[in-house]
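Got a structure for you, written out below as structure tokens; questions coming shortly.
Naming follows writing order (A, B, C, D and E), and every chain is counted from residue 1.
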């Protein structure tokens, strides 16, 4: 190793290190580059398509669109959805199948959206809620149809 | 076990790197035989998170099994899904619309950049520099935001369905991607100053983990790992799928065969991906985003193999179908598994610090290896 | 090289090979006993040069097991699929990990998931499963004692 | 305050360190278990002994250090008087350093400073 | 003018008036001891907080901001957490050495406080071989690391300790040589003399090139001797999980942690004393007015300001650079730093003898 090469090596090394320090020094002095969000105070606006959990839409008359066809149950890869059906008396006296309980296991759900795609009546959709942590796992098993809700008129 | 005892008698030290170790990025166990600081042997022990995805897929329908594959190589989950969907489409002979093809490729490349960004930060952290990790996450975050807008999820998007994509692009997509390209071009050069040019980084990576071209082929390495050894193995070039044959991009090949060339391949690949995105972003054709498919997919009897280029290398999807709604046997040829097998060969004679650098440049994602 | 030319060439190398129709690649079956010398020739023969073993799979056909090797040549860019039927009760086949080193890991994986015995494999310990694991999980008759899906 | 400060500092260091450990001992309740006592090795049992014969690489450096450190100790008194002695001190040290540097180059050529 | 020196003198005088000399001395000892412990505690709290904030701003984060205003009390909360943690002793370890190691680390750090001039006339022990004392005591620290690594019965710890041993003994040479360059210029090992010699200007400015080179080598060697990144091989967390203190938990870990930070403070304080004039205000030659304004700032502020500047520099290194490999680390010392600092010493001697400095 010649002496000139030796000095050149040192010069190059020091230069590359100083360039690196310039970068971190830039960020140290430019506080507006900070990207931290203080989570509970500053909540990020979630995307409208964000998939947080499955919900069933109810209108103001407490009516939903679910016919209990179990398309979503079949589409689900994890066995997240269990539909319990019952027979209801229609005004004409006919017996009609309707849902009793739409059981949704949030703890098994991977938010893959396949159930929403499979639903023929758009009864369920994905909601943006993401703060799902609870102390007891059983609270993650939800019944999506609200108590006393009925199927909407005209949905087959 | 006997072998290990005899090694100890020779004054060697056997040390476990993993399963709970900061540099294995997951639960990988490496049993390392050391002589002083010099590595004599590295023996990977896998399976800490083996979920037998192949067995699981045997009981899922062709629509359902795609989402499971997001959990394999979770950093390029979209590309995994892509490979699976391609295999199903090949079997069903579904022709997918142009728009869906372009969207898929765009998302593939965004995923690749996101994956490489994370690798870049993690790699720097393996070598002891913390700051690049946070910096790289900023760009990655921008990409995941774009993903979230369109796909509804940030990491395991499950955006691809057989026949196209699940939903159409978000109206903001083009604007945001363009903003990202601008940000990326600006910041990536800074990062090269901070990391690539740094003398310590270079000396840590140069002539470390040398894997010759022949060895790379013999060990079945693919992706940037093999391309760093001068093997041209980019599936996008060799066996183009979707619209890759119409795009202008270079297959990045470095012939240094060491960690630094693997590093350079990944860094340069990010620029190539950006150029692919630039070519496509203004030319997304109008039309359907999904082909009409039957409600229940049934692959004909036979065997189907497709491969895609994930961020880590070649992902092969091999479906054996018996004509039912579920695959009879499915095999994922994951890139990480083969790449890992070369680790012992590379690590011999290096130091512990080198091992960390090597694992960093192999870009191991443990669920991808374990499946 | 087109598939037809490849077939002719392969028949020269191994006359007893049987070809399967369909698929994008040449599909051929060999007997397990013939596999090892055939593999050597695949790797070494001029014009074939299969140097890249990219996938090693085993399929459980309930009556028998079948090993599937996907090979390609980085020089000529042609690929073949080699299959070999194994006896289900005593599946044995020679290892090829001295020809393609990637086979070492892939064979270990298939060995523990399907119970295939790769003869002369240098290190056929369990790679993924625990050392005391019983059974071969990817076989069709394997019943998992803990099944998460059937809650 | 003189050399007594050493004693004061040693005592206060011991008070600080031992006191800290004792205070923390009072504050937690000890739970004994075998697993807690195991050496940490990424969550798997240790293979072999940890107290092993170690590679000589580290010790070579310690030896060379010894030689140079003695030299360094010689330099301290010289450094104090160098200015008052004048140019003779410079000549002396050049000779001293030259001999040392030759030794250093010899060690370097022999590969003693190379991590094997 | 308000100064720490006057306060100590008046306390001393008052004590001697009120009590008999022996008791007064004892009370002084107690005061000094308590102050040393307090300095330790405060330094630990401040430096850890500073490190967190510096790293946060360099990494586009805000850092701790929950406990207290702007997260000021975060380290305080952490200390309480560490106090409440159970200190485990691995069953296979050498228990005596294992418990002794953190105490030694603290003693070594504490002893180094003695010759440091914190302000004008504010120094515990102005011994005439101050610099030599510092070099001597600072090598004790490596013993505690070796002890901790060896006694833990853990392979990571052992590797970390061995690395640290090789590293610290190597870097002590160039640290010593760079200090010697200043000693030659001053002609004394006494801290007060060194500070006094810089009244007309700091050695960094008036010592020409040799002082600059010596300063650079000193900073590098100081970073290495305190086991800081990029030389933190003894605790390289991506290789050895936590290196020599892998097995330490609770208060024993806290003591190591504290000793590390206090050591940083001390080497920076020594660096500030040698190269930046210690508590001496910034003076420029004949500018009387300017010098007078500078004199108005208390000497303790000057000292702490310079020290914290050097600490910031060392932190800046840590959050920018990756870690070196062990052989590269030793290469750097034996191939570059040692020959350079030897040559530099000759240069400094020539400058000192022929009086070429300002």
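Here, a contact is a pair of C-beta atoms (placed from the backbone, for glycine too) under 8 Å apart; a residue touches a chain by one contact, two chains touch by 3 or more.
Fair warning: this is a prediction, and the values are worked out from it, not measured in the lab.
**Q** In contact with chain A and with chain E at once: which chains are those? Just list them.
**A** B
**Q** Going only through chains that touch each other, how many steps at minimum separate chain A from chain B?
**A** Contact-graph shortest path, chain A to chain B, evaluates to 1.
**Q** Specify the chain pair with the maximum number of C-beta contact pairs.
**A** D-E
**Q** If we define chain centres by averaging CA atoms, which chain lands farthest from chain A? Would you check?
**A** With centres defined by C-alpha atoms, farthest from chain A sits D.
**Q** Taking all protein C-alpha atoms shown, work out their mean, then name the chain whose own C-alpha mean is nearest to it.
**A** Per-chain C-alpha centroids ranked by distance to the global centroid put B first.
**Q** Taking CA centroids for every chain, report which one is farthest away from chain C.
**A** Ranked by distance of C-alpha centres from chain C, the top chain is E.
**Q** Measuring centre to centre with CA averages, how many angstrom lie between chain B and chain C?
**A** Result: the chain centres lie 24 Å from each other.
**Q** Centre to centre, by mean C-alpha position, how many angstrom separate chain B and chain D?
**A** The answer is 45 Å.
**Q** Quick check: how many Å separate the C-alpha centres of chain A and chain D?
**A** 55
**Q** Whole-Å distance, chain D centre to chain E centre, using C-alpha means?
**A** From the centre of chain D to the centre of chain E is 15 Å.
**Q** Spell out, as numbers or ranges, the residues of chain B touching 2 or more other chains.
**A** Chain B, residues with two or more chain partners: 13, 15, 21, 37, 131, 135, 138, 194, 198, 200.
**Q** For chain C, give me the residues that contact two or more of the other chains.
**A** Correct list: 149.
**Q** Would you pick out the residues of chain D that each touch at least 2 other chains?
**A** Residues 41-42, 46, 52, 54, 57-58, 115.
**Q** Which part of chain E faces chain A closely enough to touch in the complex?
**A** Going by the criterion above, the answer is residues 54, 57-62, 65, 316-317, 319-321, 336.
**Q** Using the touch definition up top, name the residues of chain E that touch chain B in the complex.
**A** My answer: residues 55, 58-61, 155-156, 159, 163, 229-230, 232-233, 236-241, 319-328.
**Q** Which residues, counting only chain B, touch chain C once they are in their complex?
**A** Per the stated touch rule, the residues are 44-47, 50, 52, 54-55, 59, 215, 217-222, 231-233, 238, 302-303, 305, 307, 314, 316, 318, 320, 328-329, 331, 333, 337-338, 340-342, 345, 370.
**Q** Hey, which residues of chain D end up touching chain E in the complex?
**A** 1-6, 8-18, 20-21, 23-25, 27-28, 30-31, 34, 36-42, 46, 50-52, 54, 57-58, 61-62, 64-65, 68-69, 72, 75-76, 79-84, 86-87, 89-90, 93-94, 97, 100-101, 104, 108, 113-115
**Q** Would you tell me which residues of chain D are touching chain B in their complex?
**A** Going by the criterion above, the answer is residues 41-44, 46-49, 52-58, 115-116.
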